[in-house]
Each structure stands twice: as structure tokens, then as C-alpha cells.
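Across the two complexes that follow, chain A remains constant while its partner is chain B and subsequently chain C.
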Partner chain A sequence: MKRDFKKCVTFASLLMLLLLSIGGVGAQDPVTITWWTLASAESPEPAIRAVIEAFEAEHPNIKVDVTIMTESAYGDLMNTTLGAGEGAPDVAYFWETPWLPHALDITDRLEADPDLSRDDYFEHYFNTRAVWNDRVIGLPFTVGANFVMYNKDIFDEEGIDYPTADWTPWDFIEIAKALTDPDKRRWGGDRPRGPFRAVFKNIGATNPYSDDSTTVEGYLNGPESVEAYTWLWDLVDSGATPTPADIEVLGTEGTGPVDLFIAGRLAMATLNNGHMITARNAGVNFGVVPEPHVPGKDRYVHGWALTSSIWKETEHPDEAYEFLSFWVGPEGQRINMEIGALVPSLPSVLAEYPDADTDYFQGFMQVLDAKQTAEWRAAHPCWRGAVIRAVSDAWDLIMLGEIERDEVQATLDAMVAPGQAALDECVPRLGG
Partner chain B sequence: MKTDARALSIQRQLRRSAARRRYARLVGHALVYALMIFLALIFMLPIFWMASTSLKLPREIFAWPPEWIPSTPQWGNFAEAFGKYPLARYMLNSAILVIANIIGGLISVPIIAYGFARFEFPFKNALFLLMLSTMMVPGHIKLIPMFWLYSRLELIDTYWPLILPAYFGNPFFVFLMTQYIRTIPRDLDDAARIDGAGAWGILYRIIIPLSRPALTVVVVFTFVWVWNDFLEPIIFLRDWDSYPISVGLAFFQGRYSVEWHLFMGATLVSIIPILVVYFFAQKHLIGGLASIGIKG
Partner chain C sequence: MGLGANPAMLSFWRKMTPQERRAAKTGYLALSPWMVGFAVFFAYPILATFYFSLTQWTLVDQPVWIGLDNYVRMFTRDPLFVSSLKATTLFVVLSLPLKLVLGLMLALLLNLKIPGMNVFRTVFFIPAVISGVAVSLMWIWFLNPDTGVVNTLLHYVGVQGPYWFWDLNWALPSVAIMSIWKVGGAAIIYLAGLQNIPAHLYEAAEIDGAGKWRRFWRVTLPLLTPTLFFQLIIELIDAFKIFTEAYVITKGGPLKATYFFLYYFYEEAFRNYNMGYASALALFLLVVIMGCTVFVYRTSGRWVFYEN
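Up next is the complex of A and B:
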């Protein structure tokens, strides 16, 4: 009897312990992860809140503490917290190269994910924006690309046919000249914003230096490069484009000449899908066409996505991945597309885009599968890190109209030595 | 007779001379006023452009020829701007920060400046120099250590990092105030001391009442600096509802474009408090700055 009583007490104690432990698990506080993001036309504040609401409904044990900040604040805050080594968010955009070493390697997590894979994304965008040192360090949120937007009303007014995808860089100059009207303070087109971007590559310019990052001679001053710089000379000489100073004073700083385009003072402009929404909202009658290229040569596009990553010091990597894959996966991007105006980086979701049937959106879709200038740039950080500055005189002299057309070759020849010196200095500095 | 005629002639000459002087003075004043009006118009131009832009459609903003007064004013831009982001809330947050900082400055600055101006203590000059040298350190350099410090104190995402420094004395204001207090005759301190006032009594009954112009400078400058401060709020605040107006305005600047018409409308409303404060304080402010410059 006494033994039975002891057994009962022991059993009751164990049962109680078990119940308590189950109760403990049930009452456990949910894990809270921090997320920093930006409010924009593509992803406005209500869309951000809706993403969180949908995620938390699916994952009741994970709470998301969001900080929505301004574009101009984001860089300062990331630099400060990553520099301090504390206070950075679990999930955020990691769009600056110096931030990438602070991002968590999610290669294995993505491979093990049954609901998401790298094949779900646009291939070029994934490779250029989510992969670093052969590891997956994030997922590409949205896609952006440059293309030429043209004002249909101005074309109609001047009786000129709209440009089509098979136009060449020299067609661009001729059309720009025909659309320029000094009396109306109107320019026909804009200028590229740097060498070896899409139009340079479309003309046939290879790269400013060799793929193995050893040689500038024969690349920067090679015949294809000279042809591209000469095209630039012709464009500047045409008088059909605003100067960089015009753009700086009259345009929106750092975001392209969209203001001049919307005001009808620029008939064609190299803009992006964000500008497309701005122009649509402003009631501009416009069309979209890929940047001009030379038939028979590869077509390139200057494209980008927002690298969205997990901070590698996070205390909750599993929960952070759950959220990242939701936000940058089909559900999160669809919410942003429906509430905001996000262009998703997943072709399956992009197919549902509300404006997908419009002419301008179809024009935009044409550039998404083109080769990206970013592929070479991402693999050659010394171009933006050092060489571009060393050889910028050639660009500046042409932009300022300081040299004659037949001096382009000699000017590029003169840039080889400083370019080579910058490359030789940079390559070992960045670890080869 | 001859003398009378001569006196009359002299009187006429004097009258003519006085009339010429009056005329010259009038012309001089007219020129000065014309110049001042011209300069005022030039300085007003950006504000006028802001007001004009706030009433336009996006495609009208950079159109040529520019339309200074929009033919169809878009009054709805103001409602759209304030509906898009909680700007009224952000203005209230800015007001809270401004008031808290002004109180901090009015408490700390006179005490510290009084110490430097009236007392002798070891290493006084070195400490004053050290304090002044902190003004030379660029703000960005201090960001990471400050973030680290406030993070350890668990004060991130609170207003404390934006308020606390004011309670430890802004070096620029301490310098101004020290110079100002040095111009107040010590005889007044001695007289108060004879009447039984201690150091605190002298500070609050003599120094502070006589330092009103310098304190006005502290108030107005603190108001403008805190109202316009952008960097520190973005570093220390996280909550959407806690941002000040300076951060709220930046939301109109997107990744790809700026909503100029809304941005200008919101900015126009946001500068009204500063204009009001400056309007009421300008007499003291100019007097305060001038007296510090002359007497210092």
C-alpha cells in the first residue's frame, strides 16, 4: 500500500513536471526579429505593414520589429551600426559592397528550403546581387533596369516615328537632334552617366581592362572602346543633350533626369522602372524601348536589385531566414506589388503585374533578360574602386567639349598608364 | 541795407544748402531702400519658389517658361502630403524635442558659463580650451562612439540621446555665454554679495536677468538646430511614430525621384514655427549677438 502510494506520488510528480514543461513551452515568448526597410512608391508603408501582418499570421512564434526609414538615412545608420559592431538589424538591405562581409551566408539554408530556390529569381539579378564570393549572402528584392523612355507627344508633334528595339546608338543621336528645340528649351535626349555602361557595351566596347585584371593596354584604348568614346563625342557635339551641369541644376540629384522628362524638356531619357511609375502618375504619355545597340552584337542592360540579407551577428538566424524568405519570396513581393508598385524579382510573380499589358511595361520586360553590365563590374571591383577615377579625364574632356573628334584615340592612349597604375595598386589591396 | 541784403543772401544760401542736403539724404535713403528691397527679394526667391512649387502639378515644376504663380493652384497637395505621412505627429515630436533641449540649455549653459567667467579653479583655462576643442570635432566622427554608448545604456529608440547632451552644456553656447558674463561688471556681484547673496543667488538674481540677450541666442539657435537636425534622429530613433519633422520630410525623397510638389508643401508648413520664433525673437537675437561680438 505504502509502495503504491509512493508510485502514485512519483507518477503524479512526473506528470506535473511534464505538464509544467509543456505549459512552459506554450507560454514561451515569441522571438522578435528586427527589420530595417525603406518606405518608397514601390514599397510604401502600408505594404510593409501588410507583409508583417501576413508573416506573423503564418508564424505566430515570430514577431517582426520594423524600422521604416528614409533613403537618405539608411546608409548612415547601416555604417554606424555595422561599424559599432552592434545594433544592426537581423534583416535589412545590404546594398553597399563594404556591408557584404557582414551578411550571413544562407547558401545551405536556401538549398534546404522546400519552398524557395535561386531558380525562382531572374538569373542575372540573382547572380549579380545575391551571390558574393561564390556564396549566397542574400536574396534579390525587386528588379530595376535602365531603358530609354520617350515622350510620345513630342514625337507626334515633330512627326517622328517612335524608336524600336532595333535602333542603333547613331539612330539615337539623329532622333535626338531632330527633337531638340532651343526655343522651347527642349533637348532631344540625355547622355550616358558613365563609361562602359550598357550603351558602351552595346556598341561593342569590351571592358576597360582584361578579365584577369592585369592589363589596360588594348582594352581601354582598343578599337571598340575608341568607337564607343567617339560615339559619345558625337552625341555631345550634337548639342541635343543637356550638359551634366544642366542635369545637376535642373534635374533630381543622383536619380537621373526624370524631372526634365516629366516637364517635357527632355524628349528621350535613359531612366528606370521607378521613373516609369513617376511618369505614369504625372500623366506623361510615354513609351519605353531598350537602350540602342549594334545589330549582331550582344545586348546589355544596366540592371540592379536590392540585396536583402541577414546580419551575420544575428541571435535568431533561423527566424530571420524565415522572414527573409517570406518578404523576398513570392508572398512578400506580391503584397508589395499589389499595394505598392514593386516590380518583383520573381518572373512568376511579375507575370501578375497590374500594368503588365501596357506598352511601356512590355518595353521594360524586353530588357530583363539581357546580359547585365553588373556581371563584369561585380567581378571587377577595382573598376569602380580605383580605375574609373584614374581614367576619368577622357570622359570629362569629351563631356566638356575640350578635345576634337580625332583626338579621342590619343586621349585614351594617354589614360592607359594612369589606369594601369591604379589597377596595379588596387588588385593586391582588394586581395587579387 | 547792404548788411541786410548780405544776410538775406546767406540765409538763402543756407536754405538752398539745407534743401540740397535733404534732397541728397532722401535720394540716399531711397537708394538704400531700393537695394534692401532688391536683396530681400533675392533672399525671398527660394521661399517663393517653394510656395509656388507646392501648388503645382509635377509636370509643371520644371516646365519652361516657368510659371511663378500656377494658373490652377493645387491646394490638395498640402492635404496629400500630410495624408501620406504623419507629418503633424512629426511636428509635434519636433516641438517636444525642441522644448526639452531649450530647457536643458537654459539650465546647463548659464551654470557652466558662470563657473568659467567668475570663478578661479585649477586647470580652468585648460578645461575651457578642452571644451572649445570639442567644437572642432566633426559630428560624424562622434556617431559610432555615441551610438555604442547609448546602446549600452539601452537608450536607443528613445528621445534621451537627443535630449541628454543639452543638459551637459553645448560648448558653443557656453563659450558665448562665458564671454557675455565677463562683460557684466563684477561690482554688481560685489553689491549683491554685500546684501547677503551667495554664488547661486548672484547667478539667478544678477547674472541671468542681465544675460537675457545671450539666453535668447541660446533659445533661438537651439530651436533652429533641433528642429532641423536630421542625422542624430535617424541614428537613435527607430519607431515610425517617433520621428521628428526633419526626418519626415526626407520620406518625400525616394530612391528614384523626389515628389517635389508634396515635399515643398510639407517643407513650407514645417518652417512656419521657425519663422514665428524668429519674428518674435529677432530684436533680442540681433541685440544678443551684437553685444557678444562687441563686448566679448
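Up next is the complex of A and C:
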């Protein structure tokens, strides 16, 4: 009798456990992940909401709690929450170098993902924006790039052939001079906006200091760098370009001289894919060509994408990855392309872009496979904040026309010491 | 030993009547919001800044103690520190006298008794309340070398205007000129000082045969020195904190001509993520401003005249 009672109790207990566990599964709350993002023309709020709606429909057990904020608020909040080690979102853009160590390593997850792989993205954008210290720490959302836009009507009027992808930096100066017309208040071309960007690298001036981040001597003032700075001197001296003052007062704040280009006051301008759409909407008859390049040297493009990552302290890494791979994968980027003006970082989705068949868009797509100026910079966080700032006097002196052509070498030699001091200070802090 | 255990304090407290104690408690209670605010928003940040200045800190990682390294770097091997200090000092030297003198002149004009003066006072005060960014953008257009108002007027009188903000020699003076535009705020303070000068002193001076100049030098200026003293300290601090113009217009250029100290601080802190060094820079600026203020305060006994 006693044994029967024990059996009954055991059976009842097991039954109760089973029922509870079944009930528990049935009533399980969906996991909520947090997502911080920004609204922009490329990814406006309706597109953000549509991405969430589509994701939640596919993943009923995951809810996305989105916060859309301004860029400055975003930076402040990321700094404070990552610094505090709590309160950061599960999924977000990680665009500052000091944020990258706080991003989750998704190398294994991506390799195991049957629906998405790194080969789905533009190779150089993936390598520069999603890989850090040989680990995949995010996915690249959208792509952008600089290239030269030229006004076909002005070229036709002057009887000059359109530039082609094989043009050199010295061709650029000659064409700019031929297109310059003071009577029409028109310049032939613009000036680069910083050293060691595409044209400098296309001339062969690879980097301002050594790969191991120890030496400035022989790099900043090496022969290729001197050649690139001398090319800049020739361009400034040609009188075929607006001065920085002209750009500042006549151009669009911080985005390049698209206004001057649209107004027909610049025959050629180094602009980007956003400007391409602006010029198209303004009815400008234009073409697109990669920035000039020296035959035999590697071709570079100055491009960008948004590193989209998972916070490494997230409590829901699997769910966060599900969302990240949806949002930055084909479905999410397609939604943003259709509702916003996103240029996707996946070639397969970019092929569906509304303007994909036009000449200028084909010209733009040519540059997306080139090497990125950011490839070296991404691995060398000291280059911009510290070293380029320390040696910027050389750039300014040339831009202001304060030195002679044969003084370029001496000017760069004089910049080696401050550049080296800045490098030595920065490397222990931000790494090499 | 806590304050409450201090024997002198305890004895003082015991000697108080119950009424005095109640009054003291009420006083401290009334003071407490300010004291808490001071501790949380002033004392703690200053102490924290001092601590961070002794560390290497990228803002999103744990600070690493490096002792006085940031200060050693600042004083021995940082050319940008020297450049920024030089640009800021030049700006202070250039803009401070201009603002003090022009503010006073404007206040004298605004003190005239003519119809519609309140309208003029309002108009001159408006720039003082407009956002610095908006003012900067407006001045970009004023001083546009190509189509700006200033160069257009200069062109009419046969003068080729400079490139202003983008000219190596004119960039810093351009920012100084721009700062004068906000002189209306100072003028209103001077005006209050001018209107506090008793009319009978002018009447007495007039009876004694003093002309306008003599009245200004012997009555107005001496009695305005407390206001001048106040303005000097406020403008001095303001001048050392010059930032917006460099941030919006010049980006510190050309050739670091406008690479002001706070702009350098901003770049180190928020672009270069060098928060430890930026903290050291901030403390240095605090010491400089405090030193200048103390110097002005110490010398004020010789030139500030209080009527009483």
C-alpha cells in the first residue's frame, strides 16, 4: 500500500513537471532585443519600421525595440554605455575605432549561416568595415564612394573628350586647365580634400608611415609621397580649381562642391553617389569616372560603409545575430533601398537598384571593386587623429600657395619630426 | 575625524540657544540644494577631471594610470599645445581691448537721450543672444572673399579685400572682428553702470567748468571702473574659451592660425579619443584663466574706484 502510494506520488509529480514544462513553452515570452539606429535619406524611419515588421513576422519569438536618434546623441550614448559596460544596445552601428573592441565576434556565426556569407558583400567594403583584428565584428550596411563627376555639356562645348578610367592625375590637371573659363566664372576641376586619399594612393604614395607603425621617415617624405604632394602643388598652381575659401563659401557644407557642379561652375568634381542622385534630380547631364590613377599602380577608392555590430555583452547573441543578418542582409537592405535611397553593400541587391542600368550608375559600380583607402587606415587608427593632423602644415602650405615647387621635399622633411612624435604618442594608446 | 566630532564645533553648537540651533538648521537646509548641486555638478567633475588627467583613457575603456605623463607631454613634446596656446593668447590680446573699448563707446552712445533709443538698445543687444553657430554662418557670408558685403564695399573704394578666414594673415583678426559683433551684450552692462552714476556729480563738475572730455575722464570713467572690472574678467574668460568660430568656420586653419586651445581640446577628447590628455589640457586652461583672473583681481585695488 505504501509502495503504491509512493508510485502514485512519483507519477503525479512527473506528470505535473511535464505539464508545467509544456505550459512553460507555450507561454514563453518572446525575446526582446534593443536596436539603436539613425534615420537618414538612405534609411528613413518608415524603412526602419518596415524592416522590424518584416523581421518580426519571420521571427515571432523575437521582438525588436528600436530607438532612433540623432547622430550626436548616438555618439554620446554609445560612448557612455560602452564605457559603463551596461545599457548598450544589442545591435547598433559601431563606427568609432574605440568602440570596435566592444563588438561581438561573429566569425563563427557567419561561417555557420546557411543564408549569408562574407562573399555576398563587396569584398573590400567587407574587409574594411566588418573585419577588425582578423575577426568579423559586424556587417557593412550600405556603401558609398568618391569618384569624379563630369559635366558632359561643358566637355561638349569645349570640344574635349570625356575622361575614361585610364586617365592619369596629370591628365586631370590638363583637362581642368582646358575647361577653366574665368569669364564664365568656371573652374575645370576641384582639389582633393585630404592627403593619402584615392589620388595620392593612385600615384603610389601609399601611407604616411610604416606598416608596423614605427617610422615616419621615408614614408611621409618618401619619393612617391613627394610626387603626390608635387602633383597637388601643380594642381593648385594651375589656377584651374577653386580655393578652399571658394569651396567653403560657395559649396555645400562638409559634403563637397556639389552645388558648384550643379551650377555649372565646376566642370569636374570629386563627389559621391548621394550627389549623383542630387545632380540627376537637378537635370545635369553628367558622367562618372573613377579618380585618376597612374598605370602600374594599384587603384584605390575612398569609400565608406556603416559597421553594424552586436554588443559583446548582449544577453541575446543568437537573437541579435538573427536580426543583424536580416537587417544588413539582402532582405533588410532591399527594404531600405525600396523605401529609402539606400545603396546596398550586396552586389546582388545593388543590381536591382532603380538606376542600375544608367551610364553614370555603371560608372559608380566600377569603383566599388577597387581597393579601399580605408584598408590601411582601418588597421592604423593613429593615421588621422594624430599623424595627419600633426603634419597638416605641409598640406596647408601647398593649398595656400605659400611654398615653391622645389620646396615640397624640404617641407615634408620638416614634417617628419612632428609626425613621428604624434605617432609615438598615439600607438601605445590606440594601437598600431 | 568628522566635522560633527570637532570639539570646537560641538562647543559652539552647545552654546547656541535652541532658537539659534533651529535657525542654523533651517539655514543649512536652505543651503543644501546649492551645496549638493555644487558637489555633484562642479566639485566632482573638477576632481574627476584631475584624476583622468593622470590617466590614459579612451572614454570607452577603463582609465590606465600614467601619473604625470600627460603633463610632461604637454610641456615638453607637444607642438600642437604650443600652437593652440599661441593662437588663443593672440586672440585674447587682440579681441579683449577691442571689445572693452568698443563696448564702452557703444554704451556711451546708447546712453544719449534721443527718441527711439530703446529700439537701438534692443537692436544692438540682439547679436548677444543669437546662437554662435548661426552668427558664424552669417559671417562666412559677410566675409566671403568673392561676393561678401565687406569685400564688395572695399572694392567700391578701390581696395582688394583679403581672403579673411582663409588668409594666413587675416584669419585670426577676422575671428577677432567677428567677436566685436556681439559687443552689444557688454554695452548693456556698461549702460547699467553709466546710469548708476549720480547726476549731481556731473552737475557739480559742470559748475566747476569741466567740459565733456573732462567730465568723461574725471567722473564717468572712475565711477565706471567697477563695471569695467567686471567686464574685463567676464570678457577675459570668454576670450580664452573661443571655440565655435574655429569649429564652424576655420577648422583651426589655415596653418593653425586659428587652432584655439578649446578646439585642440575638443579634437583630442572627441575625435582622437584621448580623454586623459584632454583632461590635462582642460585643467591647464582652468589654471591659466584662474591665474589671469587673480592677477586682474589683485591689481584692481589700484584702478577700480568704489564710490563708498
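Of note:
Here, the second predicted complex is superposed on the first by the 391 of 432 C-alpha atoms of A that agree within 3 Å, B and C clash if a C-alpha of one lies under 4 Å from a C-alpha of the other, contacts with A are read in each partner's own complex, and residues count from 1 in each chain.
In this text, a residue touches a chain if its C-beta (ideal position, glycine included) is under 8 Å from a C-beta of that chain, and two chains touch if they have at least 3 such contacts.
Here the structure is a predicted model, which is why all the values come from computation and not from measurement.
Contact with chain B, but none with chain C, is seen for A:275 once the two complexes are overlaid on the shared chain. When both complexes are overlaid on chain A, the residue A:262 reaches chain B alone and has no touch with chain C.
Judged by the touch definition given at the top, the superposed model places A:71 against chain B, while chain C stays out of reach. In the superposition on chain A, contact of A:40 is made with chain B only, not with chain C. By the touch criterion stated above, A:189 is placed in contact with neither chain B nor chain C. The partner of chain A that touches more of its residues, comparing chain B with chain C, is B.
By the touch criterion stated above, A:83 is placed in contact with chain B and with chain C alike.
Shared-chain residue A:283: touches chain B; no touch with chain C.
Shared interface residues of chain A, touching chain B in one complex and chain C in the other, are 83, 250. Against chain C, in their complex, chain A makes its touches with residues 78-79, 82-83, 96-99, 101-102, 243-246, 248-250, 385-386, 389-390, 392-393, 396-397, 399-400, 402, 418, 421, 425-426, 428-430.
Listed in rising order, the residues of chain C touching chain A in the complex are 56, 58-61, 73, 77-80, 140-141, 144-148, 163-166, 168, 249, 253-256, 267, 271-274. Every residue of chain B that touches chain A in the complex is listed here, in rising order: 57-64, 85, 143-144, 147-148, 151, 156, 230-231, 234-235, 238-240, 247, 250-251, 253-258, 260.
If you check the complex, the residues on chain A that touch chain B are 38-42, 45, 65-73, 76-77, 80-81, 83-84, 86-87, 184-186, 250, 252, 255-256, 258-260, 262-265, 272, 274-275, 278, 281-284.
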